[in-house]
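Several structures are given next for inspection.
The following pair of complexes shares a single chain, subunit A, combined with subunit B in the former and subunit C in the latter.
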Partner chain A sequence: MKSVTLRRFCRTKLAVCGAVALIALVALAAAAPLVSPFPYDELHLEDLTDGKPIPMFKGKYLFGTDQFGRDYLTRCIFGGRMSLSVGFIAALISLLIGIPLGLCAGYFGGLADMAVMRFTELLSCIPSFFLILIANSVFHASIINVMAIIGMFSWMGICRQSRAQCLSLKEQDFVQSARAMGYSHFYIIIRYILPNALSPIIVSATLNVAYAIIVESSLSYLGLGVQEPTPSWGAMLKVGQDFLRTSSWLAVIPGLLILVVTLSLNFIGDGLRDALDPRASR
Partner chain B sequence: MENLLQVKNLSVAFRTDGESTTVVSGASFSIKQSEVAAIVGESGSGKSVTAMSLLRLLASPPAQVLADEMTFFSDGASVDLFACPDQKLRAIRGNRISMVFQEPMTSLNPTLAVGRQITEVLQLHKGMGRRESENAACGLLAEVGMTEPRRQLGAFPHQLSGGMRQRVMIAIALACRPDLLIADEPTTALDVTIQAQIMELLNELRKKNKMAVLLITHNMGLVAEMADTVAVMYAGQIVESASSKELFTNTLHPYTKGLLESVPNLSEKRKNLVSIPGTIPSPRAWPSGCRFHPRCGMCQDECREKAQELWEASPGHFVRCGVQKEKRGGDIG
Partner chain C sequence: MRYIIKRLLTMIPMLLGISLISYCLMNLAPGDAATMYLNPEELKNPVSIEAVREKLQLDKPVMVRYVAWLKEVLRGNWGYSYLSRQPVIKEIGARITPTIQLSITALLLEMLLGVGLGVYCAKHQYKISDHALSLFAFVGMSMPSFWFGILLILFFTLQLGWLPSMGLVTVGLKGSWHVILLDRLRHMIMPAIALSFAGIGSWMRYQRASFLDVMEQDYIRTARSKGLKESVITWRHTFRNSCIPVVTMLGGSLPGLVSGSFVIENMFGIPGLGRYGTMAVLNRDYPVIMAVTLFSSILVMAGMLLSDLLYVLVDPRIQY
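Up next is the complex of A and B:
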């Protein structure tokens, strides 16, 4: 079963490319202190001419430096560390909130369903980026807060999907027979419904990671996310903007990185959706 | 022999869009220890709903179950299945009363190895440890006739055929050595040769474990072969009930007669298959009077108006047919 899924996934070229790119970037980010040539906050003011950023491929700086002479390659790698971990952890938080709420709403129905779904609708009809913006300006901007806030305002899709899965699964014969065997509701949800509901949820979780990375970048771009000197792709984009005419790579590189990661995640999500779809041809 | 299950006046209604439809009305029956009781009827006659309501498996709402009595006697104690708290009922489900469903293809959890699905029941009800329950599961798989049981423990449902899966379902149902097994059309989804094997297996295990079986089926041949007592259901009512011998030799209700006549028989020369004309009425609009009258060959004016009561034609043989009662009354008088 697992290998069939893997084989079908591998047939989608874009998804494989996405997976390779993502794995490479995650590996780089994870090994950041080992692979980066300089510390991310080390200034090389002595190498600057007229206080201008050093261009790419010049001397020992592969991606050049920013206006303070900090190695840009190093900052990209460490920035990836920030952006990727925000993405994955925020998505994890949204799963941890969305799945239990959705499964309980779907399984128990009635009043519980009503309450959860109305709350979900309430949250989804307010543009979540503005909620995140407000919450983020109220609490002090630390990386942990950014992750938590993004996660807390992006679980609604997961919740709705878990509920829908649960609604169809609970009518299945094997759930009925689990009830006839005397299992408790909690046990049935954990052992009989969750594992069978998981594949479409995994697909939307990958898309949630991409969403969280974009939100984090937007927040940092607006100066509300990760604070200097810690790099993140969004914050680097913001700094790069000031040098767009003279040193365009400062904005182009982090922008490209965001693009590659979110595209990869979307491709992976699509590939997984096709691979996990039981109705699709082999 | 002593009663194991006693049901009096069981009624099930489904409430949809504020409208209540009665699917089972006033069913009473009892099952004695280690006997096979069969409930027979066409699709839609309410036999599966009756079985499901015994373990309170119907979702409520929409289902509304009413009963004067629904008592289960186990280990010298009696439990009121109708009113006991959920927790107590869960301790009975799968443990003292277990169920085998119609569809082996979809009744097993596709994400768990079959071994785990058996050990889980044992761990829940018998408090067994991992090792112990694994050995027991292995024994159970051997008992239901699986070859290489040790290896099959790790198999996933999609790797097994329909007959194999039904064997696993039976192993799960038998794991805790229940007093009563409810088999809801256990062989309908299987092909004929496998059907015979599975029924033989069930019968064998029943004798060995001294277990009672409530067999829900529409297959009269199966009933004749296995059942000790039979209740025939039509349109949500029990129309005839008797010991199996009595029912087959002295059939009284025209519906039961129709069912028996429609069983194909190789020794008779018939041009066409015999069938009962018409279809089972909808529970939203049961016919007035006797519910069988629109399809009945013996129908008289009275049948169209007066609802029929069960009456005892001979000791233990109950029939819901007024015409037969008049005939019989005439005979006796």
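Up next is the complex of A and C:
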């Protein structure tokens, strides 16, 4: 990223706050085995009174425990590991599908363009969450499959955007001259079009990460995503909902973590949009 | 009119494509639907499993089955649910109304609140209330709807005891029509708020940007220099013009609403299309999954068509 962009980005306070919060959470999740006080699946049934979860700030458990006496702070950190990795990898997959398809459709036009755009339109008409739900029930519910499925069904926006960028870029002089120099189509797309098309795509990619995290937690919330005993924020919410009357923090904490992550990503996306906009004079 | 017919005609190949995609996707499943069809007693007998497989044509290749399914659907026969053995179309009919009700209520909430707050923000640009509301919009856009639903239940049902958290109506409630209507509204309000919260944020931001954009136009300056009243400038000149780009949001927000209702209906126990679809997915109920996919896609497409038509209505410069 250019230093001008970085400087502009730093001027938007909310975006910087978002970036700091996100980096902190990612670092925490990455170092999960080192920083968490207990193993995530260690039961402490002996500490429970009548099988009830231990409340927050009591004894050695900062966030209390769940109904099996598993330390909730540990589970939150490990859950973040799941949710964040699903979010980033799914968004990466959607980029890997969406950018090449969109750029090719825009660059070559004609039949390729029509085929890609019709297919994109088709997929956007099916409520994407239901599609992901079907796909998820078809394949064995594992973390890798969840990432792949979410990525496979959320590239449509990226594709449309890459195509639009490509359409306006390919008419510009520097692309025309590159073509006159006799470079191959592939080289022109990679070397001339892609770098110039990237900035709005980066913004959408940030929002795609947030979307993927929400979809993953919705799936886990419906019991279809990451399976027990592996913690994930969505699955923890589902369990928390059953204890809402007595131990509401079990549902509040994981949701709050999801909100912090998605909010940070939205702030970052917004900051990037301003920072990468060449027309902005700030 | 010709435009509408053309649009309706393009929906046909789209629906064919959608049905083909979801049919193939579904049939990648390694599991055996025949085992869902039978009760545990019959499952012990391999002969009856074979018989069911033959009856449901599960032994044929996917494409053959797809064509057979399509033929039946075109004749109006959507098949029978594997689970309840009822005609699918009858079950869908009973469940599509709550989903439409929920989506429309949420859409109205989104539009009214989003547009209203957006205009308010634009009128008070860079004031503290604008900043606060912009932050609120961001929170709304980032909020996972199911968690917001849980918070609503926690607060309004468990703490205050004001609103019911499950179902569509109070079972066994009798009374005159307004008692019933009020009861329905009381059940609908939390799911609708949870579903629309994300949309409110994006409508608000969009309306704010559009309103600010129009406020800088020459014709607004002209209106002001003519000495028109501020309220006339705001509502007649600025507001009406700022709505034109915002109307396009209508089509875009529908897939999100229908997708969102899959989670929200499960959470609040609303017997709608989303809950029905989720149950069907969990139980590998193929005919139901197909029907839910197609009907929810039709809902989305109809909404998009409607918003395109509305666009013509708001902006007289556009003609098809």
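In the analysis below, the second predicted complex is superposed on the first by the 281 of 282 C-alpha atoms of A that agree within 3 Å, B and C clash if a C-alpha of one lies under 4 Å from a C-alpha of the other, contacts with A are read in each partner's own complex, and residues count from 1 in each chain.
Simple rule for what comes next: a residue touches a chain if its C-beta (ideal position, glycine included) is under 8 Å from a C-beta of that chain, and two chains touch if they have at least 3 such contacts.
Because the structure is predicted, anything quoted here is derived from the model rather than measured.
Engineer: So, on subunit A, is it clash or fit between subunit B and subunit C?
Structural biologist: fit
Engineer: Kindly classify A:C125 by the partners it touches after superposition: subunit B alone (first), subunit C alone (second), both, or neither?
Structural biologist: second
Engineer: Counting only touches as set out at the top, which of subunit B and subunit C does A:N196 meet: first, second, both, neither?
Structural biologist: first
Engineer: When the two structures are overlaid on chain A, which partner does A:Y183 contact: first (subunit B), second (subunit C), both, or neither?
Structural biologist: So A:Y183 only meets subunit B here.
Engineer: Which holds for A:P33: it touches subunit B only (first), subunit C only (second), both, or neither?
Structural biologist: neither
Engineer: Which angle, to the nearest 10 degrees, do you get at the Cα centre of subunit A between the Cα centres of subunit B and subunit C?
Structural biologist: 100
Engineer: Should A:P229 be classified as contacting the first partner (subunit B), the second (subunit C), both, or neither?
Structural biologist: After superposition on chain A, A:P229 lies in contact with neither partner.
Engineer: On subunit A, which partner's contacts cover more residues, subunit B's or subunit C's?
Structural biologist: C
Engineer: Just to be sure I read the superposition right, which of the two partners does A:L265 touch: subunit B = first, subunit C = second, or both, or neither?
Structural biologist: second
Engineer: Just subunit B (first), just subunit C (second), both, or neither: which does A:D173 touch?
Structural biologist: Only subunit B; A:D173 stays clear of subunit C.
Engineer: Can you work out, in whole Å, how close the C-alpha atoms of subunit B and subunit C get once everything is superposed?
Structural biologist: Between subunit B and subunit C, the minimum C-alpha distance equals 18 Å.
Engineer: What does subunit A use to touch subunit B in their complex?
Structural biologist: 1, 172-174, 176-184, 191-192, 195-196
Engineer: Tell me, which parts of subunit C touch subunit A in their complex?
Structural biologist: Spelled out, the residues of subunit C in touch with subunit A are 14, 17-18, 21-22, 25-26, 28-30, 138-139, 141-144, 146-147, 150-151, 153-154, 158, 255, 258-260, 262-263, 266-267, 274, 277-278, 281-282, 284, 289, 292-293, 296-297, 300-301, 304.
Engineer: Which residues of subunit B touch subunit A in the complex?
Structural biologist: These residues of subunit B touch subunit A: 55, 57, 90-95, 98-99, 101, 103, 106-112, 120-121, 124-125, 156, 158, 169, 172.
Engineer: For the complex, give me every residue of subunit A touching subunit C.
Structural biologist: So the residues of subunit A in touch with subunit C come to 14, 118, 121-131, 133-135, 137-139, 210, 214, 217-218, 221-222, 224, 237, 240-241, 244-245, 248, 251-252, 254-255, 258-259, 262-263, 265-267, 270.
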